[in-house]
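Letters A, B, C and D mark the chains as written, and numbering starts fresh at 1 in each.
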Amino acid sequence: MTDQSVIEPSGSKPSKRFSRGNIILYGTLIVVSMYYLLPLYVMIVTSLKGMPEIRLGNVFAPPIEITFEPWVRAWAEACTGINCDGLSRGFWNSVNILIPSVVLSIAIASVNGYALAHWKFKGSETFFTILIIGAFIPYQTMLYPIVILLREIGLMGDLAGLVLVHTVFGMPILTLLFRNYFTSIPEELFKAARVDGAGFWGIYFRIMLPMALPIFVVAIILQVTGIWNDFLFGVIYTKPETYPMTVQLNNIVNSVQGVKEYNVNMAATLLTGLVPLIIYFISGKLFVRGIAAGAVKG
Amino acid sequence: MTTTSQDDARAARRPIRLFRNPMAKIASIPMILTALVVFVGGTAWTVVYSFTDSRLLPRLNFVGLDQYERLWSTRRWLISIENLAIYGICSLILTLLIGFTLAAMLDRKIRGEAVFRSIFLYPFALSFVVTGLAWQWILNPDFGLQEVVRRMGWEGFTFDPLNNPDIVMFGLLIAGLWQGTGLIMCIMLAGLRGIDEDIWKAAKVDGIGTVKTYVRIIIPMMRPVFITALVLIASGIIKLYDLVVAQTNGGPGIASEVPAKYVINYMFRAQNLGQGFAASTMMLVSVIIILVPWAYLEFGGKKRD
Amino acid sequence: MSSVSIRNLDLSFGAVDVLKNLNLEIAEGEFLVLLGSSGCGKSTLLNCIAGLIDVSGGQIHISGRNVTWEEPSDRGIGMVFQSYALYPQMTVEGNLSFGLKNQRMPKDQIAQRVARAAEILQIEPLLKRKPGALSGGQRQRVAIGRALVREADVFLFDEPLSNLDAKLRTDLRVELKALHKQLKNTMIYVTHDQVEAMTLADRIAIMRDGKIQQLDTPSVIYGKPRNKYVADFIGSPSMNFFEGDLSAEAGSCVFEGPDFTLPLTSYEFETPQIGRRKAWLGLRPEHIVTGEAAAAADLSADTIVDIVEPMGSDTLVWVNFGGKPIRVRTDGQSDLEPGDTLRIGLQSARASIFDHQSEDRL
Amino acid sequence: MNTVWKSLLTGTALVAAASTQAAELEVTHWWTSGGEAAAVAEFADAFNGQTEHTWVDGAIAGSGGTARPIIISRIIGGDPMGATQLNHGRQAEELIEAGLLTDLTDVAEAQNWREVINPPSLLDACTYEGRIYCAPVNIHSAQWIWLSHGAFDAAGLEVPSDWNEFVAAAPTLMENGIVPLAMGQQGWQQNLAFGTITIAVAGIDAWREVSVNRNAEVAAGPEYTAVFEAVADARELARDSNVQDWNLATNMVITGQAGAQIMGDWAQGEFQIAGQVAGEDYTCLPGLGLNEIIDTGGDAFYFPVVEDAEVQAAQLELAELLVSPEVQVSFNLAKGSLPVRGDIDLSTANDCMQKGLEILAAGNVLPSGDMNLSADTQTQIEDLMAEFWSSDLPAAEAQARYVDIIASAD
């Protein structure tokens, strides 16, 4: 906390610590924070209650008797169909899907962005424009053509197919980020490297990559969140043995057996969100810095 | 002239344009393939089949504009469009407004900036499915907000957006804003950090008030930031699907249906691919009408100086 | 044989022509400055020579070799950029040796070259530092060093000093001149600063709209500018211009200004046939004499002082003459005040006459 | 990281080892409620126990709407599961045409399905150009109303014996804070209630004219006007029911929060899981007590074409098993549905199932809507019903729009 952000706040400074303006400022921030924290609070509180308490009380009341049973059930016991092993099955599947997808999508997008920023060729901007418009296409409408595409290249149902799909759909935004970032690197640096005899890959690996850490952090965060939270592709392009955690979550939440077990649902929800949440809380500052470097310019 | 070396001759000849900087082109192949095969190809495929009467499986039996005529006479589609428009406009304006306001507040050298920032940003880490579930739970009339307020004494308090067709889109909006404003705030914050401190000094010297400085000076300077934010928000709005499925499933009735959901339902549930393709084509057309001029100006028109 | 030869070079971006049929021969060991205001195409030309921009037509030869389509690194050039363009993640040593490593030069040879360059530029103590820890002047030295280690035939400088403060700029300018004397390489130097151009150059090429307006030694460019644009561009404070007519009177030529007539008794015309035509008369502020010398001039007149600008070494006086305020450079000790009367003298020998329409020197 | 790869490697090794002897058969379905899951477990146990193959459960929660895109994408994408639930009827026609589903005719002939399956319409729905492509597993009928004894006792009322009595009793229920009619806010449930009310109010002939013969004139006629008005009334009775899933609505009946629910016979599985006894804790009335007739929809399993010979063998074994008498008994008892065979003893079945069996035996059966109207038309009707039930759309307007849909139905 003591390490002050490299990028200093530039807004006008509030004059006195307890001025009226300050009280309004902090007051507003705290009220708004409550709105943002409310769902998290409700989820945590609910996940620690027993079912009878949920039915009697309101969602905001703290648990009278704390129980971790919903968490245990969500992780290891909740049923879908005849499988009663909760989310645990999906966790490693998600990791196995996540790592290659993140690595490949970022590798390709960063090279794309670099080529677009410094090695423009006839048509490169056109392809990029198509790509950006592609970011607006709802995934659902591409579902069918992609099924056919994957069938034709024989990757349907293969983990590689899923990795490919994540790479394709991550490409527009990531390429935009990297392109903007690499554009903001002075062109003279690139020219100097060319005079120094470095080629396309030489400049990429030796000059650009070492300078691109902040934007890589942003890309990693966006991709980890997106891929970890993906349901649609995960369910269509995998099989029951390799279902990611989100599919298990959907199954647990929608497998209503008797009454809706809100406490188990909330625990499952929290467990599923844990990986991206942790990444966000850890990397908050780097994220802003990376965004400043990549999203803002161009 | 005959003594020109081999090297010299090679360098003198104008190389074929396609093979200039071959590595850059080879490295761009994934992008080109994605753009052409997946986006253009997939889109074209969808458009072509939208003129057919394909049911469960695609088949090329053309029926002209039948699917489109039916689409535009279907109440659910019209409601979906209207809902998306309401949600989209509100979401666009409010996300920018809230995102910018929060960023401006955090930019005023406050204490605990990192804490506030994390609080505003964390919902973005959660999927729309999770968001929808959490807010469905909070807005549940029997256990949630409405009941709590009633128990506090306001017996007549009614706030049940998820079961009221008139305001259900706002129930979705509350959840959507919760999830999405943090990222925009982050982008705005980054943009504000990029503003030269001298601007503030100049404004102060000129006696311009804080709010006026933001509106008249800072915001115009942040044009690229707003464009990035706009791309992110707008692309999210068009894709609105998961949140609706998780939070209301289009209900009550068909009061919170959205186009993406119509597409999916007609492609897979109604097994009328042609109809689903026609609907997705309409979505694409509207995206393209809005985007192409802008994208061209933004990315296509620029040249190196 | 010339070191760099540019033949019929064209460059256009879409419909915009940036360079038009440009020809330039640069002798071996010559220090050539490309001078012009921003947007004139001087940096673009330099980038074309370096191979960083593909030309649309024409040829570039370096050391007798046609390099038009060669990679920048194969052209035998070293280049120094305005923003230094040092690789931030590498040490100074890394920056200097990066290009040599790319050529797969043996390690000991690299070390030797780096050491030599560091010695020449006196940056040995900085070798282990990263660019972020250097001052502006030090960075620029490293940037020059990076070009130096390549032991290239031709050095290209793209406004290398314009990011430095005035004092440092003057110092480095002198060092650059010394460096050129020592190395005797061909140097092509782009700048918009005419002082740099005048002091450094063997020859100056003044560019405007993608064309070379005049290519000559600094003194010729200063004394006999090819056209009104060059005359106006070179010299600070800039030249005074009068609109008027040329006419022949009793065998000799005179310039009839708004309310004066200057006999061009000792003016050397470039072209023999002048005839009667509209023209511009240009006089540099320092070529308008005052005091006793004014009496001996081709034309002398009393004027009223308008504004006095002391500049230390001399004083710039604005007086009204020919219906408008003109600049006159006088002695630094001048005690003139506005309202005083000043006698000025105009000499045709140092004047410049330009055709009114083509603006070319007559 | 090591552990990931290790577990991955051992995982593949196990799969490889197992497949040399027997196949793992992935079965997708959307049976995830309590009663449904218990029923699926019967299948899985029988399959694992009686064959050397293994049942890999691919349950996808969230009803057919979520599961169907996944199932169809995978079949079309050439990466099919071993077997999958699909409502039989017209849904699979195109998949059969495209040659993506396995022909089960040999198994059907060997097991004499043509004789044992009752009513024969079930097998007809599996038949395409004379070949059989699916194994029906149960008969479902939608035309039931489930009444909570607890709710009516609490209001001091007799349990009604038909729809009209129920409507009459509704105001008293409301006065006692009980929701008269539990209704899940999903189009298909509202459509189901509509269909059930239609048969009860308009009668079978009118229903058949509209749903089978697609006669728009009848749909515009007075019988259907009465239906739409009855639905508009029912809509008022369900005003305060704001659950989504059908089994949550059933749960309102089980706990006495609601007086009744119109739902298919699968609701019985939920009562059973909750330990309730038909006739004591709840009452079921087929055809809303007005017209004792049921449709014979149902679930069926399809077997996508695969290349692996062992999986093919497993598919056929599963098909045979699903229709076999013992499995039919255990499965249908758990699920609360009727068996597809007329030749088995279901004396252990409860009150409600017995009622169903009697109606079935008497031949008072209708073909299911799934077999008559295309999914497209049904989706349109569902959309209309979703809107009708949860808005104040006037009955006349809803009827007019219904007529339009029927007129263009296929």
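Going forward, contacts are C-beta pairs under 8 Å (C-beta built on N, C-alpha and C of every residue); 3 or more make two chains touch, one makes a residue touch a chain.
Model, not experiment: these values are computed from the prediction.
Put simply, the chain nearest the middle, going by average C-alpha positions, is B. When every chain is reduced to the mean of its CA atoms, the largest separation from subunit B belongs to C. Per-pair tallies of C-beta contacts place A-B first.
One simple way to say how far apart two chains are is to compare their mean CA positions; for subunit C and subunit D this gives 89 Å.
Between the CA-based centres of subunit B and subunit D the separation comes to 38 Å, rounded to the whole angstrom.
Inter-chain spacing, taken between the CA centroids of subunit A and subunit B, is 15 Å. Here the CA centre of subunit A is 38 Å from the CA centre of subunit D.
Within subunit C, not a single residue touches two or more of the remaining chains. Annotation for subunit A: residues 143-144, 148, 250, 253 touch two or more other chains.
Chain contacts: subunit D has residues 69, 76 touching two or more partner chains. Residues 4, 7-8, 11, 26, 28-29, 31-34, 37, 40-41, 44, 56-63, 66, 69-70, 73-74, 76-79, 81, 245, 247-248, 251, 270, 273-274 of subunit D are the ones touching subunit A in the complex.
Chain contact summary for the complex, subunit D toward subunit B: residues 64-65, 68-69, 72, 76, 91, 93-95, 97-98, 185-187, 242, 244, 374-376, 378-380, 383, 386-391, 401.
Put simply, subunit A touches subunit B in their complex at residues 1, 7-14, 25-26, 28-29, 32-33, 35-40, 42-43, 46, 54, 57-60, 108, 111-112, 114-116, 119-122, 124-146, 148-149, 167-168, 171, 173, 175-176, 180, 199-201, 225, 229-232, 246, 249-250, 253, 262, 265-266, 269, 272-273, 276-277, 279-281, 284-285, 287-289, 291-293, 295-298.
On the subunit B side of its complex with subunit D, the touching residues are 55-57, 74-76, 141, 162-163, 165, 249-255, 264-272, 275. Those residues of subunit A whose C-beta lies close enough to touch subunit D in the complex are 79-83, 92, 95-96, 143-144, 147-148, 150-151, 156-158, 235-236, 239-241, 247, 250-260.
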